[in-house]
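You will see two complexes here that share chain A, one where it goes with chain B and one where it goes with chain C.
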Partner chain A sequence: MAVEHPAAAPPGDQTRIHNIGYRNYDGPRLGRSYATRSLYSQSLRGSYGLGRSVKSKVLPMLLFAVMCVPAAIMVAVAVATQANDLPVDYTRYAIIMQAVISLYVASQAPQSVSRDLRFKTVPLYFSRPIETADYVRAKYAALASAMFIITAAPLVVLYVGALLAKLDFADQTKGFAQGLVSVALLSVLFAGIGLVIASVTPRRGFGIAAVIAVLTISYGSVSTLQAIAESQGTTDAIAWIGLFSPITLIDGVQSAFLGATAASPGGVGPGNGEGVVYVLVALGLIAACYGLLMRRYRKAGL
Partner chain B sequence: MYDPTVARLTYRALLGRRRALILSALPVLLIVISVIVRGLVGTDDQTAADLLGGLAIATMVPIIGVIAGTGAIGPEIDDGSVVYLLSKPVKRPTIIFTKLIVAIAVTMVFSAGPTLIAGFILNGNGQQIAVAYTVAALVASIAYAALFLLLGTVSRHAVVFGLVYALVWEALFGSLVSGARTLSVQQWSLAVAHEVTGGSMVTSDVGLPTATVLLVVVTVLATWYAGQKLRSLTLAGEE
Partner chain C sequence: MIATESLSKRFPRVTALDRLSVDVGPGVTGLVGANGAGKSTLIKILLGLSPATEGRAEVLGLDVAANGAAIRERVGYMPEHDCLPPDVSATEFVVHMARMSGLPVAAARERTADTLRHVGLYEERYRPIGGYSTGMKQRVKLAQALVHDPQLVFLDEPTNGLDPVGRDEMLGLIRRIHTDFGISVLVTSHLLGELERTCDHVVVVDGGKLLRSSSTKDFTQTTTTLAVEVTDTDEHPDGTRAVREALHARGVDLLDSASGLPGAGHLLLLTARGEETYDLVRDVVADLGLGLVRMEQRRHHISEVFTDEASEDTSEASQNSDAQRKEAVGHGS
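Then we have the complex of A and B:
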């Protein structure tokens, strides 16, 4: 309903402002936390291509399937052969599938932040009532949740299968819980590293390559050095070298505290003292990623 | 067949600003690790072969190949600025060929050079190991650049597919299914390296004739098909 604007212009003055009936918004204002939650759910859906084109659904769904199919096969084998235990530990599964996990975070982290930079939509977000911290938290939480879904889903498959195969309930539940804690840590760590790298470049392709390069090259060099340390008999060094790549960091944490056997050469994992260092480094890395992201988005002009 | 202007633009796209620095991070890391290993172990032929084979050939060359190969054309197609290039009176196969040459050169410089240096640091080219892996890196650079350049013209997700090939197919399936190794650029290049140096430290699962034929066929076919793709390129909107 347009408010009638009395034409109060004095006679003789030809300038007037026409009221063409625009109205102010007087509905409920949902505020900052609502905007943050929306950004979170949109980013999370976007990580699996939901709400985007068919083409962009292909890759995340394919990687999700690749993550779950081996688990299903293992369960099928365990049920068919009446095995007493699953062929892999819950904590070991993510380490085996690390190439797929790396590809997922490398493809989805730039999808989440690089396109906002490239199409200069970041200032538009900040014209809403959200702050830098809200944007960073929403994006970080969304990618971490997406990572958790893709890493925890195969564990759920394994767990359900183990229960169907009538394996020991208490034992399996304990292993499952340990596995969940480990993949939760992995998700947050990988999401942080991926986002920090991806937020530097507006080029999606370059972001993907950079993330994957950091993840695989660090793992490649660390495992090479560990293999050399093992063949030289300096097994003490193996645990310390493991601190320098994300996946061996997770492996160290879970072999120190979550009952996993270390995947490093010779099966040498960190003891409890070294394990504390591992946990501190992992948490420190996560905090550093968060801090770097906050710094990156401090200037809205970008 | 070679257009210097296109080449100059591609070099700038690949190495301009800070990109050369970022790209050289990988080679520097390889050399640093070689120095550390040399300090820890001393000269050991097996260690040198493991490090060069596992880190340089299996990981570094494909990743640099992906960055250079797809980076030579992918971003231009992605942001649509390739139409300004295509509207010039330059044959499209010429554009592809020029970009291929640039991608090969960049991949070679950033992968084969450091491999040679790392090899000399590790064991001073004992048993020709450094030269063998450098030859492998050189040969692989050509095939990877051609392959990933083609991917860049075919798909918007070229980098991902390139990495899936390099990491999942060559590394993961290659180590599980031996048949997958026959179709692996890495193994073909190792076959050539084995023949060139005749050493026993560098081995491949593929015979030399197969490897050479497949290398040439893949490179030529990929380049030809990339030229054809570029002739009928349609620019899709951003999804």
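Then we have the complex of A and C:
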């Protein structure tokens, strides 16, 4: 046998790839923060189906397209008609498209956390250097980033279109910036709510249904109540009722501080005083979601 | 590798571990106990994931309460239950797990390819895990525990759900983890017999208490049982019987091999006292003009160690007929 090998072959010659035996790893081990970042990027990619099967790419990509196409049409209209302004405000866009956003968070939050629970992959994570807090942060940040991408992309389309249509630069930039702040807040809030609900159930289907239910029922009842309040002339109540659903909460914050006009019936938005309450409630909700997730995974262990 | 000192874990209703003190050195160590004996609880504490109620534990010289993350970077863990997402390929999954252990991307890919090959997964590693057999899934689970080249690996019931052939392959693989890869292993099982072939050292726990901790050599080298099989000739139509009578006349301890299993009657079991017994058997068989088909050492089974001293004889007999049954099945007679 040995004769077959030329004597000149150096030791460790790689021409024979089979049976090279076990090699130890003595390279770098990058530890906890690297592992957390890896989990973040894997989850973020996963939110758009990247690195997963073709089937799981369909829905997120479709929703992404659905989010952007109306923006492109608006831009086309604005350019063609030489309009002085875009048909919708930057801050208003997400409110109009809220159904698509809800659908996205409902489909991707369970994808992100319910799968790990269902297939019991969680113990594998926690038997590695990361802690529960790292897992929660990575998953939360990843879904919030994914939400920001899908909500900010159409704003970018609008902004670029507005500049191409030679609309007022300062005006558009200010609106665009306000829109970005608004969708950032929306992304963090929606991601938190979606993850908390999804982390309760290992069944993806239940997760999807529950997230959609929470978002639509809360919005449905809030807008119904607001409509009743308006018909009865109690306009003061409209602003307060808006606190009770995520999307009207965001709407309230942006109409108080980000120069948006309220989407609630009658266009009644919270004033600055009420606006502070809106911001506090929004931040409180985000903190509560984070706290609940931490609690949920503290006992997940093995 | 592992040292615990009066380690206890109490839950409101049950005591999972009760003042367990045990030292585990390098090599393959079996952790044996019935279901609910506290094996998984011990692993959880050793990984630094669950605090002990009292006592202390060290893994690789690091305290589990203070250095959980450092320990988890240097050990691997293969859980008992299914833990694989079905919609990704083994390669993608193991690469991700390698990165979660802190390996840079390029190293993670290289180590994944190596590790999957070592556990015996080849072309199928690019297919989604959902389509794998139980044996292949166990290999992926093992690969994810080894991919970051740990110093120590915890394997929780790795042979669960495998058929006899898969079981043997898995046990062989576990042996190689130590001999070829240089990684120490703590493997749990509720089957004593399985660990005899695989482990250097066996720790037995029951009800959270330590029953025994000793090396497998101690368990099995006290006496040697010889299995002898001979041919029949015209002169001696029942060769086995002839040898049995001849040996008995020379004062050799013959073990009861009268079991109703097919083929069992052709096997002669005796206790070897030393070199001279081997010579005696050879001479006796040659004098009778029979052919010696085999003469081999039969190691005792670990379970014997745990049977009562007083009932040694009966247990030995039943163990040996067990061995014969295996022999008979193994040779398809």
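The definition used in the following text is that the second predicted complex is superposed on the first by the 275 of 302 C-alpha atoms of A that agree within 3 Å, B and C clash if a C-alpha of one lies under 4 Å from a C-alpha of the other, contacts with A are read in each partner's own complex, and residues count from 1 in each chain.
Operating definition for what follows: a residue touches a chain if its C-beta (ideal position, glycine included) is under 8 Å from a C-beta of that chain, and two chains touch if they have at least 3 such contacts.
Only a predicted model underlies this, so the values are computations on that prediction, with no experimental measurement involved.
In the superposition on chain A, contact of A:Arg52 is made with both chain B and chain C.
By the document's definition of touching, of the two partners only chain B reaches A:Ala210; chain C does not.
Contact with chain C, but none with chain B, is seen for A:Thr121 once the two complexes are overlaid on the shared chain.
Contact with neither chain B nor chain C is seen for A:Lys299 once the two complexes are overlaid on the shared chain. In the overlay built on the shared chain, the residue A:Gln232 is in contact with chain B alone; chain C does not reach it.
In the superposition on chain A, contact of A:Lys166 is made with neither chain B nor chain C. By the touch criterion stated above, A:Arg32 is placed in contact with chain C alone, chain B being left untouched.
The contact surfaces that chain B and chain C form on chain A in the two complexes overlap at residues 52-53, 56, 119. In the complex of the two chains, the chain A residues touching chain C come out as 21-25, 27-32, 34-35, 38-39, 42, 51-53, 56, 115, 119-121, 123-131, 301-302. Residues 19, 22, 26, 29, 33, 36-37, 40-41, 47, 50-51, 54-55, 58-60, 63, 66-67, 70-71, 74-75, 78, 156-160, 163-164, 167-168, 171-172, 238-239 of chain B are the ones that touch chain A when the two sit in their complex. Looking at the complex, you find that chain C touches chain A at residues 40, 43-44, 47, 49-50, 69-70, 72-73, 76-77, 79, 81-88, 92, 96-97, 99-104, 107, 111, 114, 118, 128, 144, 148-149, 180-182.
Remark: chain A residues 52-53, 55-56, 59, 99-100, 102-103, 106-107, 119, 203-206, 208-210, 212-213, 216-217, 220-221, 224-225, 227-229, 231-232, 234 touch chain B in the complex.
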